[in-house]
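Two complexes follow with chain A in common, the first pairing it with chain B and the second with chain C.
And now, the complex of A and B:
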């Protein structure tokens, strides 16, 4: 019988905003190509691409077209681009897309789309509206169901647009911190930490993550999760959950310094295995 | 300390709903494998699957169950079973106790609660 208090670590796991399969070889070219995708209305620079076959991870450096993304390798296991016929996931660590589409009206300092409801889509004053056609970004100053007022007069009927908010597109995922038997690095991957539980030893939680740098040690994340386990157990009831406080990549030298400082990290999938 | 969520679920003849206890002691993690199901994974290996009658994009159901479970664990020890109205359910009146005691005319309770 378990007799420990119920305690959990709360992680911020990024949401998968796009899944797909590549349709051309991006290896060596540091690209992802998917002829069925509409990247311009889903993805912004600094998005993360996870090659689900080779497990390599990338930051998006540019949305080249509707079907092509330019990439920068992240993580210790560096990649050269997403090969052909490879499944991928995309995440948004800096922004959350609220709505995308094509404007069907023209008004001064307005984005008009009668086919959507910006209010129910969660658009708020202060969000950003990207005029994809004109390559201009404006700030939202007022919201009605079908019309956004913006601070730059750029939108015309027929323009493709993307409305987004600052902040990661993520959600809370809890992981038990009581009854932990072991926290260890996965032997075959440099960005996986496994937590094993008593009493059976067969219950394991797997944390897939990535650094924005290509330099880093898996043991650093293991240490951070161990610290979170002990810290959560030290909190008094009724603090059942303990928010993972984060870990800045402590490597002496980091790469990709222009991309999220090179020291950031992202939780991509936390699951029972 | 034993804690439970008490969740309305369709009864055996799929007409009314009755409240069923689901343990929130020993939870390892909570997931949402499909748009209509959330799973509670226990450290001992058991898995309870909650099935909704309507679809919600992930992680809506996962977060709803997480929130309910964590809030229930924060309550005092005498609150052993905390009522959880599943997302999308509209509470209805009790069925005539003379004919079907413990049943309710809820709209959109859970379809099933299953353990493996």
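And now, the complex of A and C:
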């Protein structure tokens, strides 16, 4: 009887918080412009933008307006900005947006919005409330369905706001680690690793990821995934999944060091191809 | 180890979903989920049709937190870790927020 042990690597893949198509040429200017977007209520600095046409990736350095983001290139294949009419995805590796909207009441040290339910939106004490209109960030100290109490008296009726929590906006994605035949760098992209399975070798899982630096080697991630495959197979039953332990960029001269030390990686899309 | 999810469809049929040799789970639309089984040849994709659109499905990634794909992933892991050799079935009917219309094997 042929019987396999079922084992999986569990990756933390970032959720897509915004998709769209650019409406102006940001190439050379290191910007993304989308006239249909409302970036101020979706995106915070240090979000990741993935240009889906050229596969270049960027870090958001500033939310310039509702429709424009200022960018910094990340990844070994550096870009100069998102060209016109280009599809893009945006991810949030540092924060998770809980709720956004417009305050419709005024109270001392309160953010009031009678049209939402902050409790069901997952807002918790310690989360952050950004007053977009006043450009002031407060900390949440109490939560009721329609009112947040905050530690800074800034919100007034009519102010746009964004409530968010620390921590990546991500979820678990499992990838089979049993029956692996090969783990390889993609030949044409410096941020893709492909895993091929026995017995026929036709099934391939593709891992798309982003660097925080502009320096690094795709083989580093290949090695980390190979190590994770081995480690997952060594875990005792009934542990079916093995959490990918992460990887610090071992390159000597990393860039973007002001963001997470420039040494982090983020998983954007893991899928069978 | 041969393992199956079982589910009672909206038509009242009990269907089995093989999960041994599973490689990954994806959704190709907001009502269609595919379980890819190694090696990836004929009839190695199990296609699950939902009875209603999954509002959390995202075309961008095929999977988002809390989506049906996310839930099925967790149920597969639970099935592998909890089932015994003599009981290869793990029923998910009461564990999914959107009921299933059909389960069929396809080639892609």
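Going forward, the second predicted complex is superposed on the first by the 271 of 273 C-alpha atoms of A that agree within 3 Å, B and C clash if a C-alpha of one lies under 4 Å from a C-alpha of the other, contacts with A are read in each partner's own complex, and residues count from 1 in each chain.
Operating definition for what follows: a residue touches a chain if its C-beta (ideal position, glycine included) is under 8 Å from a C-beta of that chain, and two chains touch if they have at least 3 such contacts.
Note that the structure is predicted; figures quoted are calculated from it, not measured.
Because the two structures share chain A, they can be overlaid on it, and in that overlay chain B clashes with chain C.
Applying the stated contact rule after C-alpha superposition, one finds that A:271 touches each of chain B and chain C.
Of the two partner chains, both chain B and chain C are touched by A:172. With both structures placed on the common chain, the touch criterion links A:124 to neither chain B nor chain C.
Which of chain B and chain C touches more residues of chain A: that partner is C. Shared-chain residue A:89: touches chain C; no touch with chain B. Common to the chain B and chain C interfaces on chain A are residues 5-6, 8, 15, 171-176, 179, 197-200, 202-203, 205, 238, 240-241, 270-272. Across the complex, chain C meets chain A through its residues 1-3, 19-26, 36, 38-41, 44, 58-66, 70, 73-74, 76-77, 80-82. Put simply, chain B touches chain A in their complex at residues 1, 3, 24-31, 41, 43-45, 59, 62-63, 66, 70, 73-75. Considering their complex, residues 2, 5-6, 8, 15, 171-176, 179, 197-200, 202-203, 205, 237-238, 240-241, 270-272 of chain A touch chain B. Here chain A touches chain C in the complex through residues 3-6, 8, 13, 15-16, 19, 89, 169-176, 179, 197-203, 205, 238-241, 268-272, going by the rule given at the top.
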